[in-house]
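Look at the two complexes coming up: chain A is in both, with chain B in one and chain C in the other.
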Partner chain A sequence: MEPETRVSRTGQLVNEEESMPVSSVPPRVLFQRPLKENPRLSRPEEPRPAEKSVLRDLRMSTHAKIQRSERLFQSMLLIGGTFVLALFATVLGVCLVEAWPSIHRFGFSFLWTSTWNPHRQIFGAWTYIVGTFWVTGIALGFAIPIAILSSLFLSDYSPKWLVGGVSTLMEMLAGIPSIVFGAFGIIFVVPLLRDHIEPFLANTLGTRWEFFNGDNMGYGILAAGLVVGIMVIPLVATVTRDSLIMVPRETVEAAYALGSTKAETVFFVKLPAVVPGIIGSVILGFGRAIGETMAVLLLIGNQASIPSSIQDVGYTISSLLANTFTYAVIDPLYSAAEIELGLILLLISLVVNTLGRELLMKLMGGRLAGSVGGG
Partner chain B sequence: MAETVRPEKGLSPFRKVRNLLLGSLTAIAFVLAVTPLLAIIYVAYDRGKSALSLSFITSLPAGFPVGIEGGILNGIVGSLILVVIASLFSVPIGIWAGLYLWDQSHTRMAKTTRLFSDLLLGVPSVIWGVVGFYVFSTNTGYGFHWGFSGLAAGLTLGFIMVPIVTRVTEQALHDVPMSYIEGALALGASRFQMVRGLAIPAAITGIGTGILLGVLNVLGQTAPLVFTNYYNTGIPHSLVGSNGSVGDLAMQIFIYIHEPSKELHVKAMAAALVLTVIVLLLDMGIRLLAWGSRKYAQKNG
Partner chain C sequence: MDPASDTLVPKIVVKNFSAFYGSVQALHNVDFAICERKITAMIGPSGCGKSTFLRSLNRMNDFVPGFRVEGSVTLDGQELYAPSVNPVLIRQRVGMVFQKPNPFQMSIFENVAYGLRIQGVKSRSVLSDIVEKSLRAAALWDEVKDRLNGGAFSLSGGQQQRLCIARALAVEPEVILLDEPASALDPISTARIEELMQDLKDRYTIAIVTHNMQQAARVSDRTAFFLDGTLVEVNETTKIFTNPEDSRTEDYITGRFG
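Showing the complex of A and B:
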């Protein structure tokens, strides 16, 4: 430190360090400023300008400016979050407000009324709910076994070089737009069903059970269900494979050590271990299948009747909305009834998607690509 | 593989047969799962190849019924317009909301917001169409009264994109090591400086992936367009009002495949092939981006 020079009482300039050698005094004294009297004090004291100190500037800015700017930044971010909330409120609000005339008029009986007559102003959702669940059920019944078995193949049986490529391919193909699946259905699946599969079904199983008999049209819940099933397979297979990878190696090795064959290990040890993951993936697949619109609209035949056989045509909620909503807008009650159908679909898929996502989150620690419902 | 050499001598015939049977069952299921997906591309190529040429993607549809001659330029341009509008709307909001969810992830408000953002991911596209119709397109009641128009459809698609971008942005920001953030804050950076100078640059590939993922999800959406922007055989001069509809690839496929005309089906399959190729290229872009950033992270420790 630079030796401090000050004016002594006698008016003589004294170097403090000389007058008071550091080594000779106890260290505590060094920190106490020696009492002094300023000769100029006889004049009225004017306030000295505040010393410039970087530290104090910083401290002041911490308490005032930084705090304010941080708070500003925080609230700006909050606005961003509010957008998402507002978006959700818009979705739910629009559906509720626009569906209100129908909810008010029909109450809960809307759910199990199967009449849909715009001229007599009677609307009921039962036909469409049943059709939706038919298509979803056929799709999942077709997709789940295939998806699970093929994910077992990918995780255990396939040669190593195949795994990476095929998994990537499956994930990529899951992104093909649903309208392309629908076009594929019309060009390929419908003629295939009409000319080969449906006559075959009618001639074999149809002779015993009326359920498999029908008109061999190609269009109908079977075609729609199969195509939606094809769309769901990659989703279920990918998620199942991800959970199969996480089966601990010790479990598998223990099964082998106990003398089980490969198939026994895979089917009776690994598969039961991933049941929660499979349930989660099936729930997600259900959520995807139930909201499917354009492919179903093109393939289901769009006839408002409850299917009694697997070859019947039908109608789903989403395809009804996409098909007739632009006519329905003219009549407030008609459009309200359609939107109430949409509200039912919305609630089902919200519950289902949340359930599946939460289940998988718990299992896999949170990493999950979002899948948008339908297209 | 070490596990291939296993003594399977003393097995009973039942177990041997079961072993083989279950194994081949998985192989059959695998073939059944992959074949239809590849068949889609093959059928689209096979049925559409007579229409495929360079002029198919550079000319407007012509003839009667419209589309029987000419190409799909209107659809490509329209899809591009819609995707650009959707991205312009959803990318700032999505990143903003993602930043919020990341920065204040401990608060109850943020947890609620995350729940609702996840719920939005599960909304079926028909519902988005209905919402878009009542917010943008309807001519009665509240709303913007834009009619069936490109702007309405683009913003509806933007609605669909918002939760996707939000979610992926948040995830990408969570992947930035906490020590970087703490270091920046300890050096005296304000939160805004930290976000602008450190967090967003570090997460930029993840955010880019999220945007591409959103575009991928939005590109093939047809149902919302039925409600907000039907179709246009030409290229519109404005995006709002009664002449504001844009063409769209997915909508074009839908309309062509809905007609019983053989020629239109050929055009539809060719258009489907073009759409599929675009989507797959985009998907490959996402994967390359993710792969590149992983490599980059490995190289730089």
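Showing the complex of A and C:
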């Protein structure tokens, strides 16, 4: 390259935004409107009287003063943090002590024993663990795809005027008490299942797989799972939609610039980019679903049997506690067993949370490293 | 420079082209040709319409609400803005590299393979071949060949930008548009990208927007100077930087404004 350039400008790295001579701007400028892009177009700074600097007076504020406010802040945080930890330790400690008779008596076999007989003083959690997982599984299996599809629709396909409305609706949905969802389940979902969906399932899939067959009662794990699913949808949908909106425009443009159609851009580029957000919201949704009590209690049928069909009734840990704990307290072993069930619920949530976090970390690993090393 | 470069074959021809964002006119009656196997640089002060112009060449502005154009842009004689033209097909022929490196949240391999996959290439061996070829062409292969399954965001900024170039090359476009591709990079990465453009010139038609005039002078064969949405002057780079015809061009390259 031999052209004699008469370029006398700044070096190649200077961005337009950065080319403003920052160092020559007096500190006072912090309280003025920012300079125009071209410094030459803006008015020259008037010389300022030296004694009238509020900032400089403020800066005289001593080291000690800063330290004092730092310490105050730290001790406030410490109090808050300690309180939360103490609370958690107390709850856990009380539960462990109260559950001890059951833990001591049944050991690990408590987990896989499916007898639950207060009269014979034999307690096992298996039936309720299975019921809990059925409801949670059906709820998430129903909620996740619908939530993802609806947020893709909202972020990329729906007309603008719909977005605000549906978003408000979602937030309202998330705030409705679960007993209302339970009632809705009884007056709407149960009849719908009983009269239409369950007979349909029985006549189609049910002719080949017993799993879809049943007595078409409406109540059961399917009803409970679907209604809990409805409660989980807003959680997953809101987070997914927010992450979709936050996918950088540059990423989307890159997809289009490679000749992607809109559908390809949405499914192959935007969706993978929001997987971490979806996983996070699914963990939240799992927590909500596994602990849901009132709606499940109204819909699942409350029968201590292990479901063999999607139409069967069942029982979950939380609905059992809600139904029977008032009777259980008078019997030490009975109440110990119920509290141990509660601890199992806590343990499951803890494990799922931890696994989810691990997965997130693994997925986010590259991105985090990138934000440090990129430049 | 190289003597054969005198034969100019127009690849993209722009005639009496105006562009509007709503009621604001960003480009005024631009007449311009981007020639085959040449590097055309576009310079001009910030906001003069360089990006608008570049993005009009592969219809990336279609996504801006209220954007519309007048006049004509043809690629090998085919009108880009004809109603019957599908912009997706245009963008497969006219690739683009952006100012900020914008890899996908995928592995290095999948980033480069993406464009091929959506065009229906399924064979793993074909994909591997093209991915390697593209990464080599983008001068990135040696740095990433042992970590193709690693995340794209673990690369440095300069590497990410070369990955984006490899990704654009993989779909075998005829024209590559670069919008200030080095402005976010350090000097060494910038130099690598400039070298890379020289290598690519034999096979591709390249248009680059830059606000760095030294870069335009170093890499390009032809330079166009834009000002306030009009094309002031376009000519051989040597001519623009030594003996421009328009006084405004001279003012700009000597740093008298901008």
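We take it that the second predicted complex is superposed on the first by the 264 of 375 C-alpha atoms of A that agree within 3 Å, B and C clash if a C-alpha of one lies under 4 Å from a C-alpha of the other, contacts with A are read in each partner's own complex, and residues count from 1 in each chain.
Going forward, a contact is a pair of C-beta atoms (placed from the backbone, for glycine too) under 8 Å apart; a residue touches a chain by one contact, two chains touch by 3 or more.
Note that the coordinates shown come from a computational prediction; the quantities given were computed from them, not determined experimentally.
When the shared chain is aligned, chain B comes close enough to touch A:Phe153, but chain C does not. In the superposed pair of complexes, A:Leu201 makes contact with neither chain B nor chain C. Applying the stated contact rule after C-alpha superposition, one finds that A:Phe184 touches chain B and leaves chain C untouched.
Of the two partner chains placed by superposition, chain B and chain C are both touched by A:Tyr256.
By the touch criterion stated above, A:Ser318 is placed in contact with chain B alone, chain C being left untouched. In the superposed model, A:Glu264 makes contact with both chain B and chain C. Using the contact criterion defined above for the overlaid structures, shared-chain residue A:Gly175 touches chain B, although it does not reach chain C. In the overlay built on the shared chain, the residue A:Gly80 is in contact with chain B alone; chain C does not reach it.
Shared contact residues on chain A (touching chain B in one structure, chain C in the other): 256, 261, 264, 367, 369-371, 373-375.
The touching residues of chain C, when paired with chain A in their complex, are 1, 46, 58, 60, 63, 88-89, 91-92, 95-96, 98, 100-106, 114-115, 117-119, 150-157, 160, 164, 167-168, 171, 182-184, 186-187, 190, 211-215, 217-219, 237-238, 241-242, 253-255, 257-258. By the touch criterion given at the top, residues 3, 6, 8, 11, 15-16, 18-23, 25-30, 32-34, 36-40, 43-44, 47, 93, 96-101, 103-104, 109-110, 112-113, 115-131, 133-135, 138, 159-160, 162-164, 166-168, 171, 190-192, 195, 213, 216-217, 219-223, 226-227, 250, 253-254, 257-258, 265, 268-269, 272, 275-276, 279-280, 283-284, 287 of chain B touch chain A in their complex.
Chain contact summary for the complex, chain A toward chain B: residues 66, 69-70, 73-74, 77-81, 83-85, 87-88, 90-91, 94-95, 98, 145-150, 152-154, 156-158, 166, 168-173, 175-184, 186-188, 230, 233-234, 237, 256, 261-264, 266-267, 287, 290-291, 293-294, 298, 317-318, 321-322, 325-326, 329, 339, 342, 345-346, 349-350, 352-354, 357, 367, 369-375. Across the interface of their complex, chain C is touched by residues 1-9, 12-13, 15-16, 37-38, 40, 248, 250-251, 253-261, 264, 268-269, 272-273, 275, 365-367, 369-371, 373-375 of chain A.
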